[in-house]
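Next up: some structures, all given as structure tokens.
Look for chain A in each of the two complexes below; its partner is chain B in the first and chain C in the second.
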Partner chain A sequence: MDSSPFLRLRGVVKSFGTFTALDRIDLDINEGEFFTIVGPSGSGKSTLIRLLVGMDDLTDGEIRLRDKRIDDTPANLRPTCMVFQSLALFPHMTVGQNIEFPLKLRKEAPDRRKARALELLDLLRLPQSYYDKRISQCSGGEKQRVALARALAFDPEILFFDEPLSALDYRLRKTLEKELKDLHARTGKTFVYITHSLEEAMVMSDRIAIMKEGRIEQISEADEIYGAPVSRFVAEFMGEVNLFGVTTGGDGTVTSDVLTVRPGATLAKAPAGARGLLMVRPEYVRFADDGDSYDFTLSGTLHGEYALGSRIQYEIETAAGMVTVEKLREDRRAVAEGEQLTVGFNARNTHFIDEAA
Partner chain B sequence: MKTLDRRLGLLSALPVTLLMVLAFLAPLVVVAIFSIMPPKVFSLANTPDFSAYAVFFKQGYYKSLLWSLGMALASTVILLVVCWPLAYAMAKIFKRFTLVLTIAIVMSLFVSENIRLFGWVLTLMKGGLIEGHFRALTGIGFDSPLYGVPIIVFGLVYVYLPFMLFPLAQGISMVPDDTRQAAYDLGATRWQVLWQIEIPLAAPGIVVGSLLSFVLAAGALAESKILGGQAVIAIADDIETAFTFGQNWPLGSALSMILIVIIGTLALFGVSKVDLDAIMGRKR
Partner chain C sequence: MNASRLTRTVLFIYGIAMIAFLYLPLVSVGFASVSQSRYLSFPIKRYSTKWYGEALESSTVSELLLTSLSVALLVTVIALVFAFFGALAFARYQWRFRNTFQKLILLPIFFPQTVLGLALLMWFNSLGIIPTWKTAVVAHLIWITPIATLIVAIRAYSFDPALEEAARDMGAGTFTVLREITLPLLMPGIVSAGLFAFLLSWGNFPLSLFTTGADSTLPEWLYAKMVSGYSPLVPTLGIMSVVGSFLLILFAVAVVWLMRANKEARTAQD
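After this line comes the complex of A and B, so read on.
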């Protein structure tokens, strides 16, 4: 028998009538990990977290925590806890009463409850004077922290998050993402986070699972999922991407209808004799008139230039469709709309996706 | 601009203010003054004495008041318990059926209360719909439940059910689903969710529903007359008798004032405790 992981899902199925929301999910999550499940809306990620927390019953399969089955345990008896998208704070209680709620249910003494609540306020960098504040007096970010403190007061084995940051404005979200990662490091708890935002996932997670139509497409570390996606769906979901239809020969040689391939250029990792997609992220595509030579080149006319803050994006219309090039602002290049351009990139910055164009 | 708004506001409130003063406040003042007149006078031009209030204690009218308040309290408590599950289902579970149920219950209000109560008499009396059929089929008869305190309380529960049900459903619909789920997820049992989350958050609906049904039940008289066969006398019955058969307006007025003060105090206290704006769907 292999050593069993902390949280293990095997063959988890959830159907609503004839609709299969989750289709045989297998998933292992390690203790102390920050694990993020990413997917577009309707991918089944929210259904999955509801099953994990115990708010819905599985149709088939099993969930084990420390090798003990928990899928037939009701939510209030599971050693797990969730931070809701809406936060679900109790509006008729003060901040302190909210945080102490799980402790009160366990009949802990009032002075110990209060001590723990104040400790948690400190941990979440909220002033202790907030203990007596009403929930309605707190700002969005403060409510977020109160919800976290309440969940931590429960002292769960696993802390689940159902897109808790999605309703906040950009700056606050960025701050809280980092705080959450920091909190994860300080508490050493297992965090399982659900989001539709790739950025959120990349900033915080140890590992990421990408979901699509009720199935997990890929589970990897953030870098790998970004650089070596297993499918077109994952590649496109994880940010801007250029994809070209190519055919590989033996010895890693490659031919393409749309790309000019430098003689001798090879794809080391691609399977031989396969038709698939060559992926390159926009930041690895260069303008080919810079004097360097590239493994792959193609030409087109400039369609537009977009400033994205620290980066500049260029869109070039080519025979292979729109190609995106990204440069740092300091490397900005003067271009004119309709200008004829040749762009290129190298084989080591590409990834071969074994999926027909 | 602001002062203009204010002036216009006062101006547009004028008609309803006049109506309230004439149709509401004036009769109340008349009743209040009559209550301190000497016995059996029909004019306000007499030297005030408080003899009518003394009669309230001396002649046992306080017993009627206690019965009325007691039965109103009992029916309110029963209504709370009976209506909670139904209101819960209407607010959270039934979907289109809620509308059907609402229409059905409101329709019953179109029929006069007395006629509905007489319907119950025909159903429950000895030889009536239930006992008569039962005896005809089995040969065994039983006593009618009519003409006692329990059947009066039943009548109050039956008649004032809509006044508890709808505010309660409104109150329950204000409890966010995820607060309930969060409490459950944090380890609360179903009872703890009910007592610590649902009841406090539905409190405005509970208070409004309880006040409405208590106030109406405390002033009710048809139930004790028709179903109760005057097994006990309700205070409203005493008031009616004093004004009509007894021809003692000051006594009727004094009894009315006592009831008004008790219920008014209760209502003001209850309303001050809840956020009525919340239940009316307005933001503070």
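After this line comes the complex of A and C, so read on.
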């Protein structure tokens, strides 16, 4: 393979009248990777995937696959395939006919088609007896698998997913997320997945792109996007977060109107003389009366305690607004509403978001 | 839902009463058709099927049936073509004037048919077209196409556009998408629209009255015979027309059923 990426987008723009849905998107996706595009509704992620599949035309820019321009190629001539949000299984065909549909279009012989369909049923852990079932006889999870099998039968260069799990219940979604990741590993195909769910993205992806208002805010590996977001939007979108306004001095020193800073506490990675936000995830915030000392502390009143299954969440009202603390259930601490508390966290568990950048 | 005993009794009586209300007139015409007397009178003194025999032998009757059948079949075919594309246009695509089109296309249904018939007759005259059963086809189409379009459109609305997109995404061209996805999925709507188109044309009187010229359809002839020179064939032909329509519906149901059975057999074989 040469140095140019597998799928490359340059300056992709899509406007509807005066509304710009996508504003100069640049994106590189590598061969064989599981790439997820996350964003709230209206961020342009669905518009982007429709351009990538060829269902809509670009207003400006170009899309290249293996260095060959594909943005002028209609959807039916592109070597890509999409699993739709509604799955788009053909209700007038059986499971087998659905899976064989792309093969039939390529005029493959019926016995070879059937052999491939049965192979795919095996790959997706569906019994071979499903071959003759009607689509309406399949459960939600089974339909997902049939849709996947059909897309794999097409044997695309890139497999696109448009939130195919969003309509399922929580348990099934969790199972299928893992299966999808597993399927990605076994097939070695390039998966491009869009979703509004951070959790889904974190479980499955190699890399994640965060979209906001038609632009890409950040592209990183899942851990980095969670631990080192580039903006308030990304930080807040990627789950519960505490943000404090701070100003950095020279050599990592930091001052804040709302935090008590331990003398000598420094932010190693923050630029000097910048105003920004100090981010700390709730699982790194501790109750400061546990005997340890912390780089940053602040006091407030307990506002509420919430059970989240395996974890407990505490909300504390402070001068800096509501601060969220999260503990494992086994580390649960007895608190009373209205109790005065001091919480603290350490510099190594924080991330500085430069607001000027 | 579990209904109480009283509710079930009331529903049963209601059902029987409705059926009686709808079918009694038909049944009385049925009795009249097997009366031996030349004139409609109750009670019937002697029963006979001789008018059926006469109807079947009469060349007038076969000519009437041929005209009515030609009009109805032609109207059905043309209306279905219009309805299919019209329904797709208004249920599936966004375009300028779409909303206006949606409303305008339904307007002819509400136009009084006698007025429409007269207007068409005057229009044909001014264009120098001599009215025959073919001009009646045009007249029927004006009234029936909107109804057929509406029926197909209801089906088209309930269908997920992603199905066509998915087929296209997997390599199907426009024609293949139409043949493999759109047509099979709209088929139930097309079958009912076809039945409606045929039956509405077959039984139409006000439009035919003005636009068939020298030709005559069955309803026209029945009307003519009732207002002047009553023929004992009237109830007979009435019943034959009803039975014919009923057989057509039965035939359509059988075709749909056979298609389904055939498809299941085929998938079982593969």
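Everything below uses one rule, namely that the second predicted complex is superposed on the first by the 353 of 357 C-alpha atoms of A that agree within 3 Å, B and C clash if a C-alpha of one lies under 4 Å from a C-alpha of the other, contacts with A are read in each partner's own complex, and residues count from 1 in each chain.
The rule we apply is simple: a residue touches a chain if its C-beta (ideal position, glycine included) is under 8 Å from a C-beta of that chain, and two chains touch if they have at least 3 such contacts.
Just so it is clear, the model here is predicted, and its values are computed rather than measured.
Student: Looking at the overlay on chain A, is there a clash between chain B and chain C, or do the two fit?
Tutor: Taken together on chain A, chain C would clash with chain B, as the superposition shows.
Student: Given the superposition on chain A, which partner contacts more residues in chain A: chain B or chain C?
Tutor: C
Student: Regarding the shared-chain residue A:186, is it in contact with chain B (first), chain C (second), both, or neither?
Tutor: neither
Student: According to the stated criteria, A:107 is in contact with first (chain B), second (chain C), both, or neither; which is it?
Tutor: In the superposition, A:107 touches no partner, neither chain B nor chain C.
Student: Considering only touches as defined above, state whether A:84 meets chain B (first), chain C (second), both or neither.
Tutor: both
Student: In the overlay, answer first, second, both or neither for which of chain B and chain C A:132 touches.
Tutor: The second partner, chain C, only.
Student: Contact-wise, after the overlay, does A:92 reach chain B, chain C, both or neither (first, second, both, neither)?
Tutor: After superposing on A, A:92 lies in contact with both chain B and chain C.
Student: For A:348, select first, second, both or neither according to whether it touches chain B, chain C, the two together, or no partner.
Tutor: neither
Student: Which parts of chain A are in contact with chain B and also with chain C?
Tutor: Common interface on chain A, chain B vs chain C: 53-55, 75-77, 80-82, 84, 86, 88, 90-92, 101-102, 105-106, 150, 154.
Student: Would you tell me which residues of chain B are touching chain A in their complex?
Tutor: Answer in residue numbers: 176, 178-179, 181-189, 192, 196-197, 200-201, 203.
Student: Which residues of chain A touch chain C in their complex?
Tutor: Listed in rising order, the residues of chain A that touch chain C are 53-55, 74-78, 80-82, 84-86, 88, 90-92, 94, 96-97, 101-102, 105-106, 110, 114, 132, 150, 154.
Student: Help me check something: in the complex, which residues belonging to chain C touch chain A?
Tutor: Listed in rising order, the residues are 160, 162-163, 165-173, 176, 180-181, 184-185, 267-268, 270.
Student: Over in the complex, which chain A residues touch chain B? Could you list them?
Tutor: Counting only chain A, the residues touching chain B are 53-55, 75-77, 80-82, 84, 86, 88-92, 101-102, 105-106, 150-151, 154.
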